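Each structure below is given as structure tokens.
The two complexes that follow have chain A in common; it is paired with chain B in the first and with chain C in the second.
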Partner chain A sequence: MTWLKLVEGYMPMQMISELACSILVFALINWSLNRAGMGIPKFWAGVGVWIYIQLYLKYRIYPPIPFSVRAIYGTVSACGIFMWVSGSEDAWQEFKRPVINVMDGISGFHKSMRTVALIVIPLALGGFAYNSFLPSFEEPIELRTVHPAPPATTKVHGKTFVLQVVENPYRVNNEGKYDQAYTDARIVEQAMGRLMKDVNDPNYNPWDPNAEGYTKYVREGGEIFFQNCHFCHGDNLNGRGLWAYAFNPIPANFTDAGTIAQLQETFVFWRVSKGGIGLPGEGFPWASVMPPWEQHLTVDEIWKVVMFEYWHTGYYPRTWD
Partner chain B sequence: MSKSRYGSHLARWGVCLSVSVLLGLGLPLSSGAQEDLPEGFKQQGLPSPPPAEQIEAGKRVYFTKCVWCHGVEGAGDGPGAVRLWPRPRNFNAGTFKIRHTASGQLPLIDVDLLQTVTHGLPGSAMPSWEGILTEQQRKDVLAFVTTQLVQDRSWQDEEFEELFVLQLDQLAPKQNTPESIKRGSELVVEKKCIECHGLEGRGDGNAFNLKDDWGFSIQPADWHKCWNFRGSRQDPYNVRNIFRTFSTGLNGTPMPSFADNTSVDERWDIANYVNSLCERANEIPAPQGQVSDETAQVFSTAAPLPIDPLTDKPKSNFVIPSKFVEGDLPTDENDERWKLIPRRWLAMGGQITHKPRNFVNRIDDMWVQALYNETHIEFMFRWDDRTKSIQEDEVDWDPTEVNLGDYGVEEQAPQGTTFAEDPFHQESIAAKQKDGYSVYNDGVAFQFPVKWQELPAPRKPRYFWGDETFSVDLTKWTADGTLGVYEGTGWDQDLTELDFQEEVEVVKAEWANGRWTVIVKRPLKGDYEEVAYLEAGKYIPMVFFAWDGHNGDVGRKMAVSAFYYLVMEPPIPLTTYVYPGLITVGIVIIEGWVLGRRANRRKEKGQA
Partner chain C sequence: MGRLTSGRAGKKFLAVTGLFAMGVMLLLPIFVALPALAGGGAPAAGGPPPDVVAAQEAEGAEGEEAKVEIGRDVYYKTEGPVVGAPAPKTQDTAEFYPRYNFESRVLLWVANQQHLYYGSFVLAVPIFCMCIEFAGLVSKDRAMAKKYDQLAYDFIKISLTAYSLTAILGGILIFTFLTLYPAFFGYLSSIFRPVMHIYALMFVAESGTLYIYYYGWDKMKEGMLKWLHASMSVVLNVIGTVLMFLANSWIGFMMSPAGVDEQGRYLGNIWHVLHTALWNPLNVHRILGNMAFGGGVVAAYAAYRFLSAKNDEERAHYDWMGYIAMALGVAFLIPLPFAGYWLMREVYAYRQQMGITLMGGLLAWLFIIQATMIGILFLTTNYYLWQALGRMTGGERFQRYIKYFVFILVVGLLVFITPHTIVMTPAELKAMGGQQHPVLGNYGVMSAKNGGINAIIMTTIASFIWYQRGNRVPAVKWAKFGNIFLITFFVVAHLNNIWVACYGYFIPANVRIGLSVPQVAGTLSCLFIGSALNLAMLKQSRELGPIRWGQIAPRSQYALIMLATAFTWMMGLMGYIRSSVRLFWHVNEIMRDNSPWAYTHTIGFGANVISFNVLFFWITIMFVFWLGALGAKKAPVPATQPVPGAAPQPATGH
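Showing the complex of A and B:
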């Protein structure tokens, strides 16, 4: 079953391509059956495809998507199927024939089908209504803003940082000057595994005894990360740490292209320094267990750990221009 | 330099150990006969050495991903190690816990070690690397670890090494019949498993001072939390994992192999029993480990808890339902009325937001249930704690004080503030310090927002004892018998004792066989406005806290949950039955109308 696993970070693309592939397979089967003269009635083909999509969304996708979202997908796919069956007048006639036949009760079989439908439909809808009227206490859905707008300035350890202009003092080239291109060239590879580029070169391996400057600071940042942050954000920075299961909101996944890869380094500096309690209201500061790291780390340590997060995930911080 | 000093010391010690183990094994081997192997084992040849390129490729993986905990020389002393318990593995001596090979032997690289890297070791910080590293990368890193970091032994050492492999794939598991489970429950007594794992298997046996080969504190597994078994391979209710661990033992720990003194059949019985103890949706009591025929029957059919594949823990549900009961609320855990409602699993993590942070929490979950009547609500908390901890010494602070740093209660520093020059001093290593804490009270607490009715959704008081704008009502029980209700206005603000105190009641508080059962009752409404007024049919935010006194938990050093919601389910209103009935009738009418029209149209067509 390993080949069936959902690949982290590829969720929407994987879902769409899997669905597209299976629809293609259905179309092929339908086409070859038609050629062989054993075509499936359009009505049942349409209903079958629609049920397949519903089952796929319900049982294949993990974590499960809520009913309301499935209902939207269900409507969209029903529209698609409707367009397919109503492409031509003949197709439309063919599609609705089984329904009309049952309504008209053209044979004994269709008559009994009509009787069954007349009883089942009101009962099913009544039962559905009963279920929705029954007081149920599902987990409430609360939507929170993961990346709220940062403030213009932030004060950490008594020093004010203007987020638009401040630079990471450790993101430096071998002359000690701020140099993003230089450091970007030394991060891990953006390929499966996200490994360092060369383990035997002190320019790339933070653990090389001869590593200096940026590369050495990455190691220092990593040491802080693995003494403080991995408990929640995980050994691979993917938000699956030791205690990730216990907390809600769940810890951020830095390997996801939607977190630090989309942010300026100063934004991350602000978030790390102020933690959950420093979030604006839309970020649910009351629920986040993210520590305000200024209580535990120095300004230098925070800059280093932020730099380590970019190094380890192979992402570049966004710049202001 | 200090790192290698530590490593080489362990290495020398490891050589002595492995030589003595091998000498011990050597005796029956000299006869060389296959029949001497324990039942279910087969001898297998040593693997061939990996090519140099693979070792080089593995080095690149190791220094990107592994070095942070396992250290430059693989001595389990990376920067992450100091705050971890269990400690990261020290590879140098070639001692590995989870194996298919006989006790004391090296593991199978392409099976045991690959599975460990693939599935991780739950209950420790070792994650699953599947989906992060390709299978090739995982094999590469093992080539590096087994050739460069395992220093005292070698898979190529024909003279000293042999591999007797448990043929797990060829042994069909025995059906978990009530008879097998019952026999297993007797065998765990006979084979003395309960001496360490406890009468009910909660890891609370006479084992508090167990140490691993490196002198680090270690605790027997709690059989009720199979998702925390290191060898559970992301398949915690699979009995084969237990059978394997029981057959081969855990090298480097006090857990021996039972291959020599149990038959395969007996091992399946024990594995079936241990597996049946792992928690299910409903509590299945087996007090003192006594399994009656009826209990065995329930054990053999109870479905496992659903496991969340994203966390490898039981799935959580953030709504805690509470049902209305007539008359007096239960007085103990055996009251039949607790069965009216499902018990909820509360996931708990260490409190690491504010100092003193709790990096090695021993309480990682709790079970909670709630019932209410016209005037009161009652909560039953049950959680596993290997030790009953009641503070013996007087402390200088009041129960309302929260800033205990002033009294010297501090978090464990990464390299020990006072030992910065010697990071390997035992007090700077979490796993060494483990049993060296002062003993405080075990405890449990829960908070509601005081004015939860007035909260503008989704706003809540901060999870950590409220905030200035919205205060919380915190009910806290401690093992010395104190039950208090306090108002909290922030994590660093001292609590205020509330006048509600006399009205709350500890219905029961008992520690038995590694588990606390604490039942707390409180009125739905207090006389004053400072107390939360609990109403039926509403979502009332709640947060839970737990302290393990033997872990040095006190004040802010504790385990904490996420936000949960208490819902006191109201009786079902009449409209629930009326409206669906009306809808059904309405649809019947519409059906009649549609069919009637259709018939008319056909008639018209026929006439035309």
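Showing the complex of A and C:
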């Protein structure tokens, strides 16, 4: 199955495409069988498609999908299959026929099926009820708020920052003015590999000795990152640092589209400054061991390291305009 | 001939004069209350809250000759004279929060929600009546004109009983406020005093118009009087809309206060108090929401009558009524997500933490439930339309493609409802290797979700086009070209939607937000261009057979009931979310809620109260339906029956 790998960066569309292709193949097989006079009864077609989707989600997608999400997907796909099999009156009658035949017991086989159903269904329900009452030693489910709302203002090293309006003082152009577009143009390529746009140009390569302004600040931020943060957040900023698996949950993966890519730079500044213990009430159960970096870094260092994180991942901080 | 013309002109003049006079009379309350606008800000009847009284007494007589103090508006940043008392600083005592042995907030929640349900319904239904009555007036088909008129009358009849209940529930709501939250209500009424009077007087005007409109149906059934009657529905709806805008200004003020200083003191500009940051988005969102909700409830009424119908005629009438109500409701459902998007954008712009609390933080899971409900609404609508194809000769042509539509709808919904914050056990978290799933995590952010909902909406539009073509085949010369163009248009719109959804991951967030414009433009183009083109093609069409009204599968009617229930549940949910986002504030950042209930409920508790509200509403509305059925002695007129007399012919025997 190595030729069927889920490719990083394309996995979401790959999953949808695979499901779409499967459905098309099923439709084609069914059409061919119908032409040959051996069509699959609608009931079994519906049940089969539903089981296929569940197996696909459970065994094809890696890492494993949590049960809560699979339950949602299972319910929605069941609704979809119901809509399909009852979309027209003919289809609905065809779908119901095997069930009604069993309930009516029209033949010896159907009667025996009815007897089996009458025994198995109550037993299955009883078993389900019994299992749900059994004492469990699993850790309880945590509905953790990953990005709790920040306060309107935060105080770091005695200075108050209004998070909605404050700007990173190092996100500047050659003239030293705040310039988001200028700095956005100088981040790494947002694609697999995350390569610098021009490794020989000091405007794009922070490690070039001639780097000045924004790129120089990125290098300084990188130095701070590799001295302090990479142990947990990893060399590639993907949350897989040396110590990462000592923690549960593991540290945030900045390369994921759901973390810093959808946050304002000031939000990240606040989170880095205040750390896990500075999370507000809604961040319960405060499952973060990140130290409050304001106790170890200056305000300038925090701004630089935040800027480096955006540069390295190829993401842009969220803005309003 | 000339005499006839002058006679008509005279009648027309009389009718227009009558309408004008009625309009003046109805607007009189506003002019009467206008002087009060200038004064505003005095404490409410019953006096200011206890702590404010104490502070005023402490100041003593020196305050009497104090200079006019100037305050700074918390939102507009303008300066104005302080003419109101500061917001009371409440404490957890019976003085500020009198209580029963029950959570006051839940009592208020239930009272408020029930009032809102009925309020929305009675504001939405007259708009439908207006549209349907006008459709009857301009219809050239006499039988259809009569049917439309009967339908409009049926609608307003249901609304009338619900109107009384709305007023009763409004009274209960005010008493609940006064008895359980006197300090807060006192403060709010001190700020909105002039507006509250206008509100009450507008309610009188609304009632007067509604009763004339309803009871005058038979008297004003011909000629210009009929036009005057139809025009009254316009006046009725204008008053209703103004009423809603005023009520919205209170919740807008509670979420994003303006017109007061940091202490909550009124600065003399009532327009600032009304026109808060969120007022307009709330107004637009609520109009559309009310219409969709009203359509859903009327469709459920029709479904109930269909399922309990005793003969084919009744079944045909209520099948048709259900279809019209559903179509009206869905017409307003389609733009609703865009209005919601605007509202959320304004919330983010107003306070970042409020936006994150809503969509990324504490209340994010409620938004996933909301997305699920939106999905249910669209899926149910599609399902109903596919069932409706079954009552048309030729409809089966389209039914074989249902499975492909189902696939697009299901995939769109799965992406749309994939949570960003996944519920999982610590063991699952370890197995996943982090909080973000590398595949599903991408569905959890806005770029993918926009793609999901737009795919669903476009598919719904395509289902509507199918439905319109159900028993007809275009016969225009350019039919082949039109069909190819239409299919290409939808395919390109879908591809554009998917491409933009993927591209959104590779560009800055602010540009990504802008990308929703081409997505929405694609969807709206499908709606307007697709529908217009389809109608143009059907202008000359070959009919394969009549629509067999009443011969629709009963499960379609359960779909309508589900549609209405989903609307109701979603309204309850969104009301709760909107209110909860203030967290521990009565008025955001101005007046703190110090009651013992100033915390956010668990999702389970919130869902239970919402379900209770939905159940209560449906039990009471069933009573309203029953009352409506009590008066329905007359059998509905079948569509094919020729009707004598000049068009438009109103329904008779009311």
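Following the convention adopted for this analysis, the second predicted complex is superposed on the first by the 283 of 321 C-alpha atoms of A that agree within 3 Å, B and C clash if a C-alpha of one lies under 4 Å from a C-alpha of the other, contacts with A are read in each partner's own complex, and residues count from 1 in each chain.
Quick note on the criterion: contacts are C-beta pairs under 8 Å (C-beta built on N, C-alpha and C of every residue); 3 or more make two chains touch, one makes a residue touch a chain.
This structure is a prediction, so every number in the text was calculated from the model and none was measured.
Tell me which partner A:L195 touches in the superposition: chain B (first), chain C (second), both or neither.
Only chain B is touched by A:L195; chain C is not.
So, A:I121: does it touch chain B (first), chain C (second), both, or neither?
first
First (chain B), second (chain C), both or neither: which does A:G276 touch?
First partner only, chain B.
Should A:M38 be classified as contacting the first partner (chain B), the second (chain C), both, or neither?
Once the two structures are laid over each other on A, A:M38 reaches no partner at all.
With both complexes superposed on chain A, which partner does A:N248 reach: first (chain B), second (chain C), both or neither?
Both partners.
Have a look at where A:A257 lands relative to chain B and chain C in the superposition and call it first, second, both or neither.
After superposition on chain A, A:A257 lies in contact with chain C alone.
Do chain B and chain C touch any of the same residues on chain A, and if so, which?
8, 63, 138-140, 142, 144, 248
Could you please specify the touching residues of chain A with respect to chain C in the complex?
6, 8, 11-13, 15-16, 19-20, 23, 27, 61, 63-69, 72-73, 76-77, 79-81, 83-84, 86-92, 138-152, 163-164, 180, 184, 190-191, 239, 248-253, 256-259, 261-262, 264, 267, 282, 316-321
Name, in rising order, each residue of chain B that touches chain A in their complex.
Residues in contact with chain A: 56, 59-61, 63-65, 67-69, 72, 78-80, 82-83, 124-127, 129, 131-134, 137, 308-313, 316-319, 321, 347-355, 357, 359, 364, 414, 457-463, 467, 537, 539, 560-563, 565, 567, 569-570, 572-573, 575-577, 579-581, 583-585, 587-588, 591, 594-595, 598, 602.
Within the complex, which stretch of chain A touches chain B?
Residues in contact with chain B: 5, 7-8, 62-63, 103-104, 118, 121-123, 125-127, 129-130, 133-135, 137-140, 142, 144, 188, 192-196, 198-199, 205, 207, 222-223, 225-228, 230-232, 234-236, 238, 240-248, 275-277, 281, 284-287, 289-292, 295-296, 312.
Which residues, counting only chain C, touch chain A once they are in their complex?
Listed in rising order, the residues are 348-349, 351-354, 356-357, 360-362, 364-365, 372, 375, 379, 382-383, 386-387, 389-390, 396, 399, 402-403, 406-407, 409-411, 413-415, 417-448, 502, 505-510, 553, 555, 600, 603.
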